[in-house]
């Protein structure tokens, strides 16, 4: 199991141009956000006062995120992306 | 439904040069702000002390925002922009 | 009505070189501040501790501000500038 | 009257190379500080906790300041400089 | 013994392309994260309020980390990497 | 008298290559620290919480400081340097 | 005596390639950390809340530090390095 650290989120990226709950990535997707599914979330972000703020999305959420953010990883033969919470744009429900 | 995260706001951008409540975008709109309607707002911005400050605009507001800010998304066949609150310049009422 | 957001201020810029309360913009006004009248002010700046600090100028004040700051907008046929409070240099009274 | 905002200070710059209380600006005054007299001071700097810290110089003080700091303004036929407190190097008394 | 300081972590890097708990580093591993084993962890990160936040991984954990982060050291004939906690992407368990 | 502001310190710089309490500036003094004597210190540095932290050196101390830091000033025919406390490296006693 | 200021540490750098408690600096030591002995430590780092956090190493410790950090000084005929605590990577014991 991939357990992301801090405010990171593991995503299963959707294929481009496929509609996900109505989201179509326009062709000139220069820096258009991409969609994906949340696989796992970290414990959250530690603030200057030591408080930990939980990640605002949960496993199974469909999300829109910045295409060029995060790190690509292959795990058990599957490709995943690990992004920081700040790179998540919206939840699609 | 597109639910923006953090202090983000989903906008329906107005066409340029059309007057919106009297706002005309001058022709040499190099970096002139653009107008749009608020479709949805995030939960707000988390401060260093853990407090969440609500977004200062609400659904339905007409706003002026920085033209080059935000991400463009197509959802259910409609084009939207997702911007951060800091990119909103003024409310037009 | 244009309601500026956060610590922004809507200004009606004065013409250059005209004296405003004795202020003359020297010819080589490379980056000389410019003068203008305050039309509207935002709610103020939110600090890290959540406190909102009111803007230190009010409607009707004559101000000196950094010439290259802010965004230009046309509203009801009039040209305005929307600047952040930090771009205001002094009040002229 | 020019009322500077925040932690700004209005100065009447002294002519270079003239001794002011013994201060001589060396010829190769590439980035040597310059001297001037304090004409007016702002309310002070607002800290992250909302506290306002008064400016540490007062009207009439002779000061040494960073030559390339601040904005030049002409007011009632006189030239002034408006600088931030951080650009003041020392008081000469 | 190598005792890392602050929020640093000493890692024993795994060879590339070897699967570690299912993690395969894709060939065009331009900036793909790499895997390794935690050998030692520092006391933690000191926050602005003086509180020390412990490192979120422990000795023996298998981790994914940013390939270009950290410093390489040879100790008792073995090669190690010393990274900051922020360069750790996920724990693989 | 030169009264430095904030966390600044007025120094009388020593001539290079002269030993000061055993300190010799190596010839290839590309960015080697230089030595000097403390002439006057400012009130100290104001922190985000409004507290003023006194400068950690006092008049008469011999110090090592970053050669390219600070401003050069001539006062009553003598050359001085005004530096920020952060540019002081060590006290030589 | 050299008394470092703030969170600085005076080090006696070891010669490269010599093993220090098993540490060998690999030949292509592009930016490999170097080893050294702690000679003196400063009072510590002042946080935003005024608290002083002591330096986490003590006189006599053997440390690994970033090779290009700090300032070189000669004192009583000996060469020393003065670095900030953040440039110390690990203690070797």
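Which chain is which? They are A, B, C, D, E, F and G, in the order written, and residues in each are numbered from 1.
Everything that follows uses one rule, which is that a contact is a pair of C-beta atoms (placed from the backbone, for glycine too) under 8 Å apart; a residue touches a chain by one contact, two chains touch by 3 or more.
Here the structure is a predicted model, which is why all the values come from computation and not from measurement.
For the pair chain C and chain F, chains touching both partners: D. The distance from the centre of chain D to the centre of chain G, each centre being the mean of the chain's C-alpha atoms, comes to 40 Å.
With centres set at the average Cα position, the gap from chain B to chain C is 22 Å.
The set of chain F residues that touch two or more partner chains comprises 48-49.
Taken in ring order from chain A, whose neighbour in the chosen direction is chain B, the chains follow as A, B, C, D, F, G, E. Contacts from chain F toward chain D in the complex involve residues 1-6, 8, 10, 43, 46, 48-50, 71-77, 79, 82. The part of chain G that touches chain E in the complex is made up of residues 22-26, 31-33, 47-49, 51, 53, 56-57, 64, 66, 85-86, 88-93.
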